[in-house]
Amino acid sequence: ACGSGGTPAATSANGTTTVNLSEAVHNLGYIDLYVAQHEGYFTQQGITLNLSAAGGDSQAFAAVLGGSAQFALGDATLAEISREKGGDGLVLAELVSRAQYFAVSKKISTPFTDPKQFAGLTFVTSPPPNTNHSVLTNSIVQAGLDPTKDVHITTVSPGTEIGPVLAGQADVAVAYEPNVDMAVVQDGAHVLYSWADAIGEFTNTGLQARESYVRAHPDVAQKIVTALQMGAQHVYQDPDDAKAIARTEFPNLPPQVVDAAIQRQIDNHIPAESTVVSQQGWSTLMNLGRQLGNCSCNVPFDQIIDNSFAQHASATVQGQ
Amino acid sequence: MSATVTTTVALNDVTVRFGDYTAVEGVSFEVPAGSFVSIVGPSGCGKSTLLNLVAGLGEPASGSVHNAVLAEGRRIGYMFQRDLLLDWRTVTQNVALGLEAQGAPRREARARAGELLPTYGLAGFEAFYPCQLSGGMRQRAAFARTMSIEPALLLLDEPFSALDYQTKLKLEAELLLGFRRSGGTAVLVTHDIDEAVAVSDVVLVMSGRPGRVAAVHEVPFAATGLAPVEVRKIDGFGHHVRAIWQEIES
Amino acid sequence: MSATVTTTVALNDVTVRFGDYTAVEGVSFEVPAGSFVSIVGPSGCGKSTLLNLVAGLGEPASGSVHNAVLAEGRRIGYMFQRDLLLDWRTVTQNVALGLEAQGAPRREARARAGELLPTYGLAGFEAFYPCQLSGGMRQRAAFARTMSIEPALLLLDEPFSALDYQTKLKLEAELLLGFRRSGGTAVLVTHDIDEAVAVSDVVLVMSGRPGRVAAVHEVPFAATGLAPVEVRKIDGFGHHVRAIWQEIES
Amino acid sequence: MTADQELSRAAAPELPAAPRPAGRQDAAGRRHRSLWVAIVLDVVLLAIGLASWQFAVDAGSVSPLLYGSPELIWQTVVRGLGSGAMLHDAATTAVEALCGFVIGNVIGAAVGVGLWCSRLVEQMLRPAIALLGATPIAALAPIVIVWAGTGVSSKVVMSAASVVVTALVLAFDGARGTDPLQIRMLRSMGAPTRRVFRLLVLPSSLTNICGGLRLTAGLALIGAIIGEFISSDSGLGHAILIAGSLYDVPTVLANLIVVGLLSLVLLAAVGRLERVILRWRFLAMAGR
Amino acid sequence: MTADQELSRAAAPELPAAPRPAGRQDAAGRRHRSLWVAIVLDVVLLAIGLASWQFAVDAGSVSPLLYGSPELIWQTVVRGLGSGAMLHDAATTAVEALCGFVIGNVIGAAVGVGLWCSRLVEQMLRPAIALLGATPIAALAPIVIVWAGTGVSSKVVMSAASVVVTALVLAFDGARGTDPLQIRMLRSMGAPTRRVFRLLVLPSSLTNICGGLRLTAGLALIGAIIGEFISSDSGLGHAILIAGSLYDVPTVLANLIVVGLLSLVLLAAVGRLERVILRWRFLAMAGR
């Protein structure tokens, strides 16, 4: 509705294109991206990547809307919301394919087998509409419990969920990496539940852009997605290298935490193995959004998702 | 009010109130152009209040105030009872303020101020800030600032109260011989009857609570053009001073 | 310095400098207990500076200052050249400040202050704030505050400069007849030679730039116990005044 | 109103003070009239602004997705008031901010004025104060959550923390600005430090302390809202956080407007308090 | 040092001023000595604090995960300095904050002092200023990004926005506090409003404007960091954001310490500037 597709990416003299990518958080969940960066896949594609961290999903997407970034990495629901309000958000690829959340506790050590066991406990999570909040409430509702009565939910800023649990102020944190393994490795906490397992395929994080931009610069979009696809495959092919890259990317984290976290993510199929957005994963996301009232979530799959780049990428990369 | 001499300031049956408190009641007087009028009276009788009225800084509850100089937009030099020096300006800069206020270029104003300082006994203190001056020096700086603009009407509120006798005589002479000859008009508030008799044509004696005009006393000495120190030696001087004393005490 | 009369204040060859500027040089004088000393001299000669020294608010560059009252921790009443009234206190509250500063309960201090006001001609202005007072009224409030604490040593810096003659006489009488009889010692800075002669035992004449003691003049009238207004009528009064004039002019 | 007429303002009081020349009542009247003129002008300008915004949105030249629109904001407000949610949020935030405001100012003013008593302590605390003054509390989220918990008290703590440095610095400036001659006067009359403090330093700092109250009203609200960003289950900050992450600009703006209204109310209350505490000052401005 | 000795402080200057009784140089010396005492005491207290913190961590009674530990913080600092990343971050943030500080203060002071000229405009702007003063910029994150982008300029804007209201309110208070008698004096000498403003109102507001500089140094840094929280690729706020979302408390604290150091540097520079601008004031404090 407003203007063209943002600032066109600059092409420099030596033929490389400079692309601004805004990531919602700088987090182990995006290991595919960092591997692609460190392995030089973007450079191979002729892309100079400017990565900037935003303070959240909507800020990352706002950077795309405002034109200061061409691509955003974050909760793909934002693209959906923009569509519903007359915008032209588009999802090009999937980067996190599972709900990357785990129930972590200090007091309790027996794993949950059924969300019914959540009754009576105090949970810490990020505020809505963060996905860890969504999956928690969804599980509670699915289990036939009342999220306002049967459990107590405390919301804190993203990344700090384990704090109250380790400090003994709450029972269970709905946390993600590296916090999960920080708590486990450094403080002897227990992982009681994995939403990655429970939910299955889930488009947790997507690469988003404005459709107008993508139509104007399909080549750039293709290069970005290809690089990401290469990264995704490399993570699963060489987990040790992924761990090494993660350790350099997050030098301030204890190495054993980083290793454990990457291992747990790979074990749970959290980083996308293929950047193609799965129908199943997307509809799970949309169902969740609809239930929680975050969006009406009725834009048809093929209008909001453009899998052509990802499909081309996985085909070519596989062929290498 | 004669037909040939114009009136510079005229107050007519003026009353001033501050809330419930009546500071001045039913005061009338005139200041003919070119003349000096002194106001004497007990502390708190409303002298400063009257000066404020004349300067147009306040309105009477009743009665009328006429100020020809103000009406014509000509310069007034008002020296308040407080010295009102600007703390961040040196002596020279403070004296130059008057000229700067009138739009003189800063350089010229300060040069002129520098020339004036010796007259006021402030030579050597050009670069002192007000906080480094003695009480009397502050008063002299304020006086110099007031005189520097060569006003058509001068309003002086106890301009020499913090000065020793010698310095006071010197500045009185400056005031009389310089300013009066230039044809200026002045209203002077003072507690020093000798001073009032020496420098003015008319002495207005006020009584207090509320302030009223108790007597109007005409004095011949200022018109002689003699220096105030000489005037004080004239035979009739003591007579006038005593006459005013009696008016005050009655 | 006789063996029977103790010395309350003694300055010995005192020099005061402000940066490069020498304000006071080689000043020595003594104030015997129970006596009144006046300091007169041209504006800017260092009178206030000396008073500050006596009050212990500043140290000389050289020379020594002795103040027995200060050393014994007894009360000093210092009336500065500026009135230093607290803007947020009414007249009564400002006068009570002295007593409150000495630890008197607030109620008592204010009641006592209220009783004092009429003496200083401030009856009826109990609830006025300083910004609502005339210049002379402010000065009187400051004087009342200084006197209220019944100090052993009184330092007065031009306490009556903003007052008319009548009011001044009244307060001089208060000072002399009340304070002096109570055995107090005082140092008074003034520009009014008559006043100096009328109220003090010794008049210190200073010359300026840098300030030095030009002459020390003993005066007999204060010891008579007469009211200042009566003293001024005594035959020898004029003689002493003229003598001091000559010392100043020389 | 010409600039020359305007000038009388500076010499004139904020509030009509009791004793002043009767003739000046005109001036008070003029001031009062100018207030009304200002309000009317504000309303008119606001209306024009909103209308052109809405017009631009309707004409498609401004994206309501990116910037919201008056209509959408209005709908949000109506919905929020209708469901009572907005009032509840406003009440939550108001209570948090008010507590933080009071606590922060009391501590800040007390410490700030108190520092006058000891140069050593002041110099020791100076770096700590500078550090605290430059700490974005949001950055301390992980620690704050563990220390102060996630309840109302944590927002109060953060609101107070946003307020305290400004209040402290202003109070200390006020205390330090006490007329040194007046201090000497009190000392010469025999007042020990304690009494100089009570009789002189404290009251002469009040002007600055009141200035601190005015400056920190907004900061207290911001602190409470940042606190709600860190952890909350209700409050305007909570609403803003959720709307922000859903890219719901109208709701963000609607809640910010409520925050603004709260600050106006708080400022009005501070103004009233100031007139009581600094009565003499308004008299002084009214006087000659 | 007893409280009574301390008292001389209030009457004493911040800086040894030129003309004052030679005898007072003792006092200046004492002040200087007290500064050193304060620094030594600060260092000692800090060392004790850090040692007991580390001890508690080693003894297992304080969780390094939740609160960090001096050792971990130190390691982070060493690593950050070694890789140059921390210096680069600090430089980025310093530039942003400095620009915001200057811009915010210039605009705030200009508008604040300028408002003295027109009561009408002041009354019209009053609600707008209150609103701006109570707006948590973080809440406007999505809009700010769209408007100001994600580059350095957006942080400068946010830093300036955090500063401007405080600077404005203080400058306006300063202008309004101009001695009304002095204004009348200048008017009576024939100065038009414009000249009254230049010769009197502006210089007599400088004290307050300098106060504003001191108060806003921290706010400018906080604004820049909040700006980096919203979006960034470098800067101390960027580092804090990332570490915060990883629950990396030592890194958060290490970066906050650098922020604190920056604020100390900025404050020291402001102090220097203040002594130049308000030279007469320091003289006045030195004088009787």
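Descriptive notes on the structure:
Each chain gets a letter, A, B, C, D and E, in the order it is written, and its residues are counted from 1.
Please note the rule applied: a contact is a pair of C-beta atoms (placed from the backbone, for glycine too) under 8 Å apart; a residue touches a chain by one contact, two chains touch by 3 or more.
Molecules present, by chain and UniProt name: B, C = ATP-binding cassette domain-containing protein; D, E = ABC transporter permease.
Not measured: the values here are computed from a predicted model.
Under the touch definition stated at the top, chain C and chain E share these contacting partners: B, D.
The chains that touch both chain A and chain E are D.
The two sequence copies chain B and chain C touch through a face in which the numbers common to both exceed half of the numbers used overall. Averaged C-alpha coordinates give centres for chain D and chain E that are 18 Å from one another. Inter-chain spacing, taken between the CA centroids of chain B and chain D, is 47 Å. Between the Cα centres of chain B and chain C there is a gap of 28 Å. Within chain C, residues 18, 48, 57, 82, 132 each touch two or more of the remaining chains.
In chain D, the residues that reach two or more other chains under the touch definition are 19, 66, 141-142, 146, 181, 184, 196, 229, 244, 247, 287-288. Multi-chain contact residues of chain A, defined as those touching 2 or more other chains: 56, 58, 62, 65-66, 157, 159-160, 163, 166-167. Within the complex, the chain C residues that touch chain D are 55-57, 75-78, 80, 82, 84, 86-89, 97-98, 100-103, 129, 131-132, 149, 151.
For chain C in complex with chain B, the residues that touch the partner chain are 18, 40-44, 46-48, 81-82, 121, 132-137, 139-140, 157-158, 161-168, 191, 193, 248-249. Taken in their complex, chain E has these residues touching chain B: 19, 179, 181-182, 184-186, 188-191, 195-196, 199-200, 203-204, 206, 278, 280-281, 283-284, 287-288. Contact residues of chain A toward chain E in the complex are 20, 22, 25-28, 50-56, 58-60, 62-63, 65-69, 157-160, 162-163, 166-167, 178-179, 182-183, 186-187, 250-253.
Those residues of chain E whose C-beta lies close enough to touch chain A in the complex are 63-66, 76, 79, 83, 138, 141-143, 145-147, 149-151, 229-233, 238, 241-248, 250-251.
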